[in-house]
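Shared between the two complexes below is chain A, which pairs with chain B and chain C, respectively.
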Partner chain A sequence: MIVKDAVCPFCGCLCDDIEVEVEGNRVVAVTNACELGMTKFMGEKRLKNPILRVENEWKDITYDEAIRYAADMLLSAERPLLYGWSGTHGEAQCVGVHMAELIHGVIDNTSSVCHGPSILAIQEVGHPGCTLGVVKNRADLVIYWGSNPIDAHPRHLSRYTRYAEGFFLENAFRDRKVIVVDVRKTETANIADEFVQIKPGGDYAVLSALRAIVQGKTDTIPRTVAGVTREQLIRVANLCKSAKFGAVYFGLGLTMTQGKYKNIRNAIEFISELNRHTKFTISAMRGHYNVYGSNEVNTWMTGYPFGIDFSRGIAFYNPGETTAVDILARKECDAALIVGSDPAAHFPRKCLEHLAEIPVVQLDPYPNATTAFCNVQIPVAVTGIDAEGTAYRMDGVPIRTRRVLSTDYLSDEEVLSRMYALMQEEPRP
Partner chain B sequence: MSFLMITGRTVNQGVTVENKTSPEYAAETSTCFMHEFDMMELGLDDGDAIRVTGPCGDVVMRAAASLEVEMGTVFVPYGPYANHIVAAGTRSTGMPDFKSHEVEIEPTDEEPKLVHKLMEDLGGLAYDR
Partner chain C sequence: MTELLVKNACVIDPLSGINGEVMDLAIRDGKIVEEVSDAAEVVDAHGMLTMPGGIDSHTHICGTKVNFGRYMSPEDMRAGRTPRRGAMHATSGYSVPTTYGNSYRYSVMGYTTLLEGAMAPLEARHTHEEFSYTPLQDTMANTLFDGNWGILEAIRDGDTKRVAAIIAWTLSAVKGFGVKLTNPGGTEAWQWGKNVTCIRDPVPYFEVTPAEIIRSVVEANELLHLPHSVHLHCNNLGTPGNYTCTLGSFGLIPDLNKKRQTLYATHVQFHAYGGSGWKDFCSKSEPIANFVNMRPQIVMDMGQVMFGRTTTMTADGPMEFNLYRLHHDKWSNHDVELETGSGIIPVVYRRKNLVNSIMWAIGLELALLTKSPWQCLLTTDNPNGAPFVKYPEIIALLMSKRYRDAEFATIHPDTGSRVPLPAIERELDWHEIAVMTRAGAARALGIQDLGKGHLAPGADADVAIYPLKIDEVDPSAEYQRVIDGFSRTEYTIKRGRVVARRGECLVDGSNATFWVAPKVSEAYDMGKDPDFIEKFDRYYTVRMRNYPVQDEYLTRSRCIETEADL
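On to the complex of A and B.
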C-alpha cells in the first residue's frame, strides 16, 4: 500500500508531500523525504513493552503497571519536572500542561535549548514573520544566518528558497539571491551567492554594523567588523535594500552563541530598519518536529511559551530559573517525566548527574540515551507515523499529520490521558 | 592547545539520532572536526584519538580534518560527547553555551567510550536488549 501526502515527523519543515510504501505493517520505501526523514520513517529497534529498572537489571512490565508507576511518581514529588514535548502532538502537549497544573510542577519544552532565546527576543521587540509559502512565491533575497539547512533542514532550499519555483519570480533560481552568514564555511555557504564569514561571537557586532549602514551611517563603520570587511557589509546592506522582498532564516548559530537572545533582538531590529526601505521578514529555523507546537500549546494554555512553573498554583515563567537545564543543574526537581525528547544526549553532564539521582519516567518508542536514567520507560506509537494528531510547522501553520502504519502501541496522548485520569482520582489538599 | 568548540547538526547526526545505541551515532557524535594545520601542529592523523578537556571535565573523541572550520576552532556534532564537557550555566536564559566553549585538546592513546559507558559513568544503567 502506498500512502500519499504523508507529513514527515523529523524537523520543523513538516514536509507534507511524502509517499510511504507500507508492506505488512512495515515501511519498505519512502519517496520525496530527505535522508533524515527517510531514516525516521524506516526506524526500527523499537522497545517492545514498558521496562522497569530494578537495581541493576531491567524488568518487563505491563502498561497498567508503568502508567500507575508514573502517576504515583508525579503525585508524590514535591517539585516534578515535565520536560520534552517537541517530538509529540499538540493533543499530548495539552494533557501535559493540565498534568503540570494539577501537581504544581514545572513544564518545559526543548525550545529552552534551541529557540528559547529567539522567543525571549520576540517578546521584547515582536516578530515580523510570514509563512514559508509567501517566501517561496515572493522572496527575491533569502538570508540564512547561523543556520545550515543542507545539514539540518535538507529540503528547505528546494521547497521554499534556492531551488523552489516562485509564483512571482520568472526564473526563481536566477532571480533569487541567497546570502549565508556563518562562522563555518558549511555546505550551505557553498551554494550561496554571497558568503559572509564572521568570527565566532561576532554576530551582534555585524548586525549592528548592518543596521548603521541601512540608517545611512556608513562613515562610522571600521575597516572590518568581526572579520567582515567594510566593503562586504556595504554590499550586503545594499543587496538587502534593493530586494523587493527579503526573508531571513536564523538558526542556533545565533541562539546558542555569545549574546544569545540579544543577537536575535538585534537581527529583528535590523529587519525593522530594512522595512523602512522594502519588505523584509525574519523567522526561526525550528529544528525538532513539533517544537513550535509546544510553544503554541503552552502559550495558549498558560500565557507562556516554555519553562512554566506551577508551584505557586498559577503559571510563573522565568527563563534561567524555571527552565529544565537550570532546574536539573541546581538539583532542584525530585522527579522527571520526559516525553518526546532525549535530554541525556542533549543536556550538559551536570544535569544528567541529577537525573541519575531522581525517579525518571520516559515516553519514547526507542531506547535512547535517557533510557539509562529511567526507572520506567513506556514505549509509545511514533508520533506522525503510527499516531496522528496536530503539529505546527516552523512558520506557525498547524498541520494535521497522517498515520501511515497501524500498530498496537498506545499514542503519547493515550498514555498521558490514562496517567492524568489516575492522578485526578487522588484527593487534592 | 586551546580551541573554541562549536557544536551543531550534521546530516549523519540527524540520520543516526533515532538510534542512539548504534555505533554509527557514537562515531558521529564523538568526531571532532578540526583544521588540517591544527591537526599537524598536534601531530594528528585523521581518526586519531584526542582528549578534549572543557570546563566540566574531559572526554575522548576522534579528530577529523575538515575544510569547514577555521584554525583555532573545532566543530563537534550535537550529542553526549560534547555535552560531557559543556558547562550547565545558562546566564539567565535557559540555554547553555553550546557554541562558545574554550577547550584544551591533546593526543591520547585511549579509545572513545561507547554512549552506554558514558551514561553508566554518570550513574545510568544501559539498556541493550
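On to the complex of A and C.
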C-alpha cells in the first residue's frame, strides 16, 4: 500500500508530499522525503510497553500503572515542570496546558532553548513575515542568516527557495539570488551567490551597519565590520534594496550567539527599514516539526508562547525565571513530565544533575538520552506515522498529519487525557 | 429531555415583534418551545430585560492574526488575568484575550454567537482549533477572498460563474461561513509592497480593479445563495478623504436579494473620513449615512472607536504598515500565499488627540444618523476600534445625549467644528439596541432561519437576561445603570443551559460552528477542474489533499447547504 501526501513529522518544513510504501504494517520505502525524514519514517527501536525504574533495573508495567504513577507524581509535586511538546501534536499540547493549570505547574517548550530569543524580539518589535509559498512564488532574493538548511532543513531550498519554481519568476534558479551569512563556510554557503563571513559574535554589528547603509548613512561605515568589508556590506545592502521581494531566514546561529534576542531585534528592524524601499520579510527556521504549534497552542490558551508559570493560579510569564533551564538550575522543580523532547541531550549539566534527583516521567516513542534520567517512560504512537494530529509549519500554517501505520500504541493525547482525568478526580481547593 | 422555564421576563425580541412584554419563555432540549412540563427548572427573571443572546456580526477572536496579536503582546496579556475558578479556566489579556477570556467575557455580556471577521483559507484549521476553545458561543468565520489568484484570474476573464465556483469549493473545504473582501486587490498588491488607492486602480500583474472584484464577487455570492452577503472592508481604510471611495464602492452594489442586504460594509467609521490630510481631517458620516438610508441593499457596522489601549489587526496589510509608520511602536505582517495577508499593530486612542476624538464621534454619528437600526449594527470591529468589553458604554452613548455631551466635554476641544455629533439629539431606545446587537445581526448574517437572533418557538434557546427593569431606568439620564446592566447579565442561557450567572461562567460550553457547503454542478466542481488542480499543485506549498479542514476540527458542526445556480 502506498500512502500519498503524507506529512513528514521531522522538521519545521512539515513537507506534506511524502509517499510512504507500507507492507505488512511496516514502512518499506519513502519517496520525496529528505534523509532526516526518511530515517524517521523508517523507524527506530521502540519500547514495547511502559517501563518503571526499580533501583537500577527496568520493570515492564502497564499503561494504567504508568499513567497512575505520572498523575500521582504531578499531584504530589509542589513545583512540577511540564516540558518539551515540540515533538507532539497540538491536541496533546492542549491537554498539557490544562494539566499545568490544574496543578499550578510550569509548562515550557523547547523553544526556550532555540527560538525563545526570536520570540522575545518579536514581543519588542513585531514580525514582518509571510507563508513559505509567498517566498517561493515571489522572492528574487533569499538570505540565510546563521542557518544551514542543507543540513538542518534539507528540503527548504528545493521546496521554497533556491530550487523552487515560482509564479513570478521566469527562471527561478537564475532569477533568484541567495546570500548566506554565517561564521563558517557551510554546505549552504557553497551554493550561495554571495557568502558573508562574519567573525563569531559580530552579527549585531553587521546588522547595524546594513541598517545604516539602507538609511543612507554609508559614510559612517568603517573599512570592515566584524570581518566583513565595507564594499561587501554596501553590495549586500544594495542587493536588498533593489530586490523586488526579499526574504530572510535565520537560525540558531543568530538566536544563540552573542547578543541573543538583540540580534533578532536588529534583524527585524533592518527588515522593517527595507520595507520602506521594497518588500521584505523575515522568518525563523523552526527546528522540530511542531515546535511552532506548541507556541501557538500555549498562546491561545494562556496568552504566552512558552515558559508559563501557573503557580499563582494565573498564567505568569517571565523567560529567564519561568523557563525550564532556570527552574532546573535553581533546583526548584520537584517533578518533571517530559513530552516529545530530549532535554538530557541539550540541557546544561547543572540542570541534568537536578533532573537525576527528582521523579521524572517521559512520554516518547523512543528511548533517548532522557530515558536514563526518568523513573517511568511511556512509549506512545508517533504523530505522523501511527497517530494523527495537528502540527504548525515554521510559517504558522497548520497541517493535519496523516497516519500511515496502525499500532496499539496510545497517542500522546490519549495518554495525557487519561492522566488529566485522574488528576481531575482529586479534590482541589 | 431537559426543560427550563424563564418566568416573568420582560422580553424584547424584534424579529418576533415583541417589545417589552412581560412573559414566560419555555425551553426544551436547547430550543424555545410553546410550553414545558411542571418538572421544568425555573429561572425567575422578575421583569428584567430579556433578549435573544447577543450576536457579534464582526469581531476578531480566533485565528492566525488574532493569536499573533497575543503572541507579540505580553504587555496586553498582563492587563487582564484571572485564575482558574470553578468551571472557568485561567484567562489573560485585555485587547486580545485568550480564547477562554473572549468566551467568558462575551458570555457575561450576554453574547452567544460570534462571527470571526477574517479567516485566511490556507490557515483555516487554526481558526477552527481556536473555536473549539471558545466554548460558550456558536461561531462562524468569514473567509478571505480579496487576493485569491484563482478569483482574480476568473474576474480578468470575465467569468463570474468560475468566481462563484472557486468560492464554493473553498468555503466547503475550509468550513467557512461567508465571503470577506478586505481591501480587495490591495492585499495582493501589498505582497509587492504596494497598495491600491481606491476602486479604479489596477491590481499589479492581474490587471483587475477593486471595483471589478467587488461587483463580481457580489454577483457570485448571490449565485451561490449564501446565507450572508459579501462582507466588505472597503479600500483606502483610515485615510483622510476616503469617504468618496466608500460611496463609490457602495454605488457599485445592486439590490440582489429580497431577504437580506446585498452588501455588508464593515467598520464604516474607518471609511467615513473627510479632509485632504490630517490637518483638515473631519467627519463625513452624514453623506455615508444618507447614502445608506436610501439603499436597503446595504447594511453596515459601526467600527466604533473608544478611548484607551487596543491592538489593531486586519487582513489589510498595507494599511497596517502605514499605521506603523505613524505610531512607531511594533509591527507584524503576515502575507498568505495566493490568498491574502494581514498586519497587526498596538495603538492607543487618546481623548487629547484630535483625529482620535473625531474617529470616536464618527462611529456614534453613523449609528444615530442611519434611520433604520437594521442597517447599522453595533460593533467595534473588536479589537480594532476597541475591545468588545466596551459595548455597554457604546450602548449608553447611543441611548443618552447627556452622556455623549459629558464625554464630548472631555475630548479634544477642536472636535466640535469637525463633526456633527453635538447637534444630533437622537437617543436610541431599548428596542433599537436589541436590533443593533442581535436581531439585525441575525438578519444580516442570514441565520434567523437557523434559529438565531429571536425567541420564537423553534429558535435556539440563546437568551440574555440583564439586571435592568426598563420601566424603572431612564437611559437618557441614568446611563451608568445602563452600562452596568449590559456589562453583566443576571443569566446567560446558551442552548437551553444557564452558562453564566452574575459574572460567573458555570459550565463548559457545547458550542457549534456554522459553515456553508454550496452545491454546484459537476462542471463547476473545482475539485475536478484540471486547470485549478494544476495551479494549486504548482504554486501552493500545501498539497490539495491536505488543504481541506477535516471534520475532526468541528466539535459540533452546523453545515448549511445551499443550491447554487451553477
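We take it that the second predicted complex is superposed on the first by the 429 of 429 C-alpha atoms of A that agree within 3 Å, B and C clash if a C-alpha of one lies under 4 Å from a C-alpha of the other, contacts with A are read in each partner's own complex, and residues count from 1 in each chain.
The definition used in the following text is that contacts are C-beta pairs under 8 Å (C-beta built on N, C-alpha and C of every residue); 3 or more make two chains touch, one makes a residue touch a chain.
None of these values were measured; they are calculated from a predicted model.
In the superposition on chain A, contact is made by A:Lys45 with chain B only, not with chain C.
When the shared chain is aligned, chain B comes close enough to touch A:Ala345, but chain C does not.
Once the two complexes are laid over each other on the shared chain, residue contacts for A:Glu35 go to chain B alone; chain C is not touched. Of the two partner chains placed around the shared chain by superposition, chain B is the only one that A:Pro154 touches, whereas chain C remains out of contact.
By the touch criterion stated above, A:Phe173 is placed in contact with neither chain B nor chain C. In the complex of the two chains, the chain B residues touching chain A come out as 4, 6-11, 14-21, 29, 56-57, 67-70, 73, 75, 78-80, 83-100, 115-116, 119-120, 122-129. Residue ranges of chain A in contact with chain C, taken from their complex: 4-5, 7, 16-17, 90, 94, 98, 101-102, 119, 122-134, 136-138, 159-160, 165, 167-168, 244-245, 272, 275-276, 278-279, 281, 295-296, 299-305, 310, 312-315, 317, 388, 390, 392, 396-400. The part of chain A that touches chain B in the complex is made up of residues 10-11, 35-36, 39-40, 43, 45, 51, 53, 56, 58, 108, 112-113, 116-117, 120, 148, 150-152, 154, 183-186, 200-201, 252-253, 255-258, 260-261, 287, 306-307, 319-321, 323-326, 328-329, 342, 344-353, 355-357, 366-369, 371-373, 377. Of all residues in chain C, only 62, 64, 67-68, 70-74, 76-77, 81-84, 89-93, 97-101, 122-123, 125-126, 129-130, 133, 149, 190-193, 205, 321, 324-325, 330-338, 341, 344-345, 538-543, 545-546, 550, 552 touch chain A in the complex they form.
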